[in-house]
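Report on the following structure.
The first chain written gets the first letter, and so on, giving A, B, C, D and E; residue counts start at 1 in each chain.
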Amino acid sequence: PAYSHADDKSQDDAAQTPAVVALASSFRTLWPALADAYVKETGNPNPLVSFASSGLLTTQILHGAPFELYLSADEATIDRLALAGKTKQEKYALAKGTLSLAWRGAGAPSLSELGTLMEENKSLKIAIANPRHAPYGIAAMQALDNAGLHPLPNGKLLTAENASQALQYALNGAADAALVPTILVQQFGDANIMVLPIDEASYQRVVHHLTLLQAADKPAVTLSNWLKTPQALTIMQGFGLTAP
Amino acid sequence: MSVNTHPPAELDPSDKSLWVSLRNQSAPILNVEMQCRPGEMLALVGPSGSGKSTVLRTIAGLQKVDFGHIRCNGETWLHTKHRNDVKVQQRHVGMVFQHYALFPHKSVEENVSLAIRGSTRAEKKQIAASWLERTNMTGLEKRKPGQLSGGQKQRVALARALASNPSVLLLDEPFSAVDQQTRRKLYRELAKLRRGLDIPMVLVTHDVGEVQQLADSMCLIHKGQTLQQGSVHEVISAPESKAIAKLLGHQNLFAASVSNQDSTHTSYELGGTETLHGEPSDLAPGTRVTLLIAPSAISLADNSSHDNAEHNVLHGVVRDAVSMGDEWSITVHLHTVTKSLRFRVPQHLLSSSHVAAGSPISVNIRRSGILAINDTHSM
Amino acid sequence: MSVNTHPPAELDPSDKSLWVSLRNQSAPILNVEMQCRPGEMLALVGPSGSGKSTVLRTIAGLQKVDFGHIRCNGETWLHTKHRNDVKVQQRHVGMVFQHYALFPHKSVEENVSLAIRGSTRAEKKQIAASWLERTNMTGLEKRKPGQLSGGQKQRVALARALASNPSVLLLDEPFSAVDQQTRRKLYRELAKLRRGLDIPMVLVTHDVGEVQQLADSMCLIHKGQTLQQGSVHEVISAPESKAIAKLLGHQNLFAASVSNQDSTHTSYELGGTETLHGEPSDLAPGTRVTLLIAPSAISLADNSSHDNAEHNVLHGVVRDAVSMGDEWSITVHLHTVTKSLRFRVPQHLLSSSHVAAGSPISVNIRRSGILAINDTHSM
Amino acid sequence: MSPFLVSFKLAIWTTIILLPIGMLLGRWLAFARFKGKAWVESLVLLPLVLPPTVIGYYLLLVFSPESFSGSLVAQWFGQPLVFTFPGLVVASVIVNLPFAVQPMQLAYSSLPLEVREAAWVSGLSSFETWWHIELPQIWQGILGSATLIFSHTLGEFGVVLLVGGNIEGSTRTVSIAIYDHVQAFDMQSAGWYSLALLVLSLAALLVVRINTHNKAGHA
Amino acid sequence: MSPFLVSFKLAIWTTIILLPIGMLLGRWLAFARFKGKAWVESLVLLPLVLPPTVIGYYLLLVFSPESFSGSLVAQWFGQPLVFTFPGLVVASVIVNLPFAVQPMQLAYSSLPLEVREAAWVSGLSSFETWWHIELPQIWQGILGSATLIFSHTLGEFGVVLLVGGNIEGSTRTVSIAIYDHVQAFDMQSAGWYSLALLVLSLAALLVVRINTHNKAGHA
């Protein structure tokens, strides 16, 4: 099992064994492109990944999960891990993320216009990630605040478990709009959805971090180093992230 | 040799009789014809596994047959040819199931009152109480069936069937688990009920005494086949075949052939050396018959007795003798015939020398007590 | 008036008898003492609900009682005082349950072979087959209990109990659902088995004929209380109390008091105007007794007959007469006593005038057929 | 409305709606003999096989007011089903179907035919037979179904989260609330909520069970 | 190992381990009469009441090699239970306990006492009675338990995600894989996986059910 590889110090083997990476949900759309490039450039095996929310991954790592590398948009969770002595290095800021409005149909309004639209259309709903634990949810709340849309009337604001789900609500029409990370929608071709960037001044941008964990072995370090390269950043920029 | 009681094509609608005609090709195989008039109690008798319960269940509408025609109370209940099959509930049958089939979660009283139709709650309670009293169940009304003895359960089943004011009564061995004393009380209650009710009643039982005491007519069934139906007296005193005689529990059956017959008597030859004389008959000499000797026709005789115009005298030795209260049941090994003879003698007529196995004994057989069953007629 | 069969404190370990002594304060209330020697068949008789099944279940170890002492086969099975209670499995009981309790998912053959201990598979199969043959079940070995008739189920239960080579046989109404013919065959098989087995056997039955034919001794139970235990003949011909006489199905019971007694006879006064003469006894004049008249002591008399040294003559009218095959059962309304008299007459002795209700009739009562039960002795 | 109220309301509604459905289906599967029976029995179990969130996702597709099916459903219920309490109930009913059918089928199949026959012979109609004879005897099955449905609805989380949308006061159940606390590392709140949920549901289960035990009388 | 293999392996292990436990517990609850019975019956249901992820969280706490209990468990099993397949099995067993007990208890409580008594009288030991008399008659209950456990384990997601850690090839089940695909908007893969899971589990359920129907002979 993956667990035993952590103790395996043999160089040759290390080249063969994949790194075990914990990825927060916000990396879901981005990761396949990164992994492809990594495998192609280094010839190393495709890393083993485990997706979950930052909260769950952190809990797992705190309780002995055999992850070697942790990527998350939630800086607080990384600090928590560092405090518990679970990290091997300082956290590293990979890139900054922005928010976009995903709007069902044409003529996406700006956030300030959204207020009046909501007055007109009582059943209009907007979905965001849960601000209690998702960083993009917090950013979305800030944006809504700044647009004077807080507090929204009851039932207008849907808090999904994570950003993916918020977007899904908009995709299948359960919500009319979603305030989601740009990475989710940048390369997303859905004719029904119109994407509009949110004014970057209206919220605090979300920084995606990387940290090496205690269990990290050679392949993980290799991967970690590669993720810090400009090539990796270029790919991330393709998804709407910007340099930190 | 089934009786032709097939319901006629055009039936008088005012005929409230129960007509049953059933055939089944697959197990349980059936070929049954029977009839029971309103007010009549028909005893359905046959060996274990002969299909008695199946017939009752079919009349109640609980079992399907390949071909069946059942009429009751002036209505057609089943006519497979016309795909006519009245629902169980609409047949209004009062039935005692062989295994009681009480409602396990209901009290004794509820078991009975649930079967009473179209009355107020108070009336039902009262009718149920009265039937439970008549079946000696007073005091146990609140018990669940699981807290009753076997005979008590059976009496609840009987009360439930009787209380329902049915259009036909189907009783499947309803007294088998009840003691003699209670049984007699139940016989009386059933007799009382009959006076007030003009419905057909079918009683399955293994007890010939019960048949004689309760039933008017009798239908014999064997391997799913009705053998004979007639009045109880008729069937018991003149069984149509050896098989029927055996079913009725007759033990003194002898294969014989008619050797001689004239206006005063008929002579039967048993196994070559012994001849019995019976009443005159129209049997041709040479006819093969089964002789049935009624136990009451047999009595003790002196060693010196000889055949006369009224009696045959046979000699033998006692094989065994069992005391049955104030009577003894004696099995005699006859000198001349290989089969033994069984009969009962009141105790006071018997000297102790008679009872010991092996002691010589002579018996009188009354001519009028000899019945010849024509073997060539029977199946 | 319970019999003192309480197992003695120091019991001979070679005594293989079944000793039973039970008390239960809560329902079902029990106060039972009985004993059955190896090779003996004890009939346990009592009205429905008297506790017969409960006693058998307690012997088998299936039911708990407040106080109980059971010994069998030289071992103590239950001694509540010493908190001694042998497990059901170790008692090696052969039991026919009143409701059969067959294993519903096992075939007939498996039902029997499962109860056979300590044999190879092939042996078990063979023993089971032989018992199924002896119970007339051949051909149905592969059936499940749900596909059997009531009587067939009962015979499987019997085969299962007999096949198990038990140390005591407990039969709870094992023939109640079986026809006469098969029943006779089963009686014979049981008799054969007894010859080879030296174990106590307890038979619960409601059929006095069965008791007389099968049992050696008899134990009467009423409301959980043993009333009398003794040999079958003893109990039947000399019941200790009126209650016992009733339990045994005796119908001709008359309250009377001794009016006179000398060396030739005893005279009993019935209801003032009628006097019956019986055999000499040691009853003091004035003693209240119940007279039990054996049916066989009653015969038809001429209208002109009078009492003589052997017989009493009573006059009355026929209340009803029922044909029971070759006998008639007659109920006579006596002129002098309010209770009626029941007896049987062979058909050929009866003229048709006798049978009609209301016709005058005279009966002989043989002195030796009158039994006086001392009411002051009985409970 | 507190998440506890939402949860218990949801559990009670789901149980009430599912019991008759489970009884009918279970009775049919216990009594009827037909060819495709194994198929029906297996199909009934399928709502268990997919992860709740995935079922939730598909239900969302079906219920979405934008879809054809969803508009039909919305017309029928007078309102779209997503993000409303009635929607939660419908989703919960679908997910809990196996728990409604299985115990009922078991209970029904142990009912002896002869007792029902005796009821018919006694003149009891199908409905009366059901009411007087079947119902009191499948009590254990009903109880089993009800407690399984009730408990599972309280703990259910994936479907409810997706179809309900975690709206405070109308679709946020305790389960979701606890989950949110765990995600936000508010372990103390999560612990208290969990404890309260456990204690309350234990109390509810106990009340039901003790009452029915008393009623059934253990005879 | 493909997620399908992981899922089916997990479902089969869970079923195999839970059946005897459920049988013992169910039998005890069906036959024994004692005071706290309603308590035990209700406690058995509690694994259903908390949301799976929350149970997963608490199991993580208990099993974590960092905790005292976890180190004991790790010693006993020879390895820590979290993030390994054996750990998944243990968690799954705990979560599915109610499904193991309920149908067994129902099946056992419809066994008539008299038939067991007849077995004892016939000299069958407790074990033989169980094997020859009880087991063949609670078949329906076993089948019910097994199919509920099997199906629910396939669909279970929260506990497995937390305790197993979604590690490809060892603890990633189909349920989690489908969830991942949905989250990554790869609806096509999610659809195919779901369909495959449904078809495979339907096939498994059908095979079991048809075989046991044939065996039981419907007599």
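A few points about this structure:
The rule we apply is simple: contacts are C-beta pairs under 8 Å (C-beta built on N, C-alpha and C of every residue); 3 or more make two chains touch, one makes a residue touch a chain.
The shown structure was predicted, so the numbers you read here are calculated from the model rather than taken from an experiment.
In summary, the chains found to touch both subunit A and subunit C are E. Common neighbours of subunit C and subunit E under the contact rule above are absent. Taking the mean Cα position of each chain as its centre, A sits at the greatest distance from subunit B. Comparing the chain pairs B-D and A-E, the larger number of C-beta pairs in contact belongs to A-E.
Taking each chain's centre as the mean of its C-alpha atoms, subunit A lies 90 Å from subunit B. Rounded to whole angstrom, the centroid-to-centroid distance between subunit B and subunit E, based on C-alpha atoms, equals 59 Å. Separating the CA-averaged centres of subunit A and subunit D is a span of 36 Å. With each centre defined as the average position of its C-alpha atoms, the distance from subunit B to subunit C rounds to 23 Å. Residues of subunit A found to touch two or more other chains are 56, 59, 165, 168.
Within subunit E, residues 53, 57, 182 each touch two or more of the remaining chains. Residue positions of subunit B touching 2 or more other chains, listed in rising order: 99. Of all possible chain pairs, the ones that touch are A-D, A-E, B-C, B-D, C-E, D-E. Residues 60-62, 87-89, 92-93, 95, 97, 99, 101-106, 114-115, 117, 144, 146-147, 160, 164 of subunit C touch subunit E in their complex. By the touch rule above, subunit D contacts subunit A in their complex via residues 57, 60-61, 64-67, 70, 82-83, 161-162, 165-170, 180, 182-185.
Against subunit E, the residues of subunit D that register as touching in their complex are 33, 37-39, 41-43, 45-46, 48-54, 57-58, 98-99, 102-103, 105-107, 109-110, 140-141, 144, 147-148, 151-152, 154-158, 175-176, 178-179, 182, 190, 194, 197-198, 201-202, 205-206, 209-210, 213, 218. Across the complex, subunit E is touched by residues 1-3, 20, 25, 28-29, 48-52, 56, 59-60, 62-67, 162, 164-165, 167-168, 171, 184, 188 of subunit A. Across the interface of their complex, subunit D is touched by residues 53, 55-56, 58-59, 80, 104, 125, 127, 130, 132-133, 154-155, 158-161, 165, 168-169, 172-174 of subunit A.
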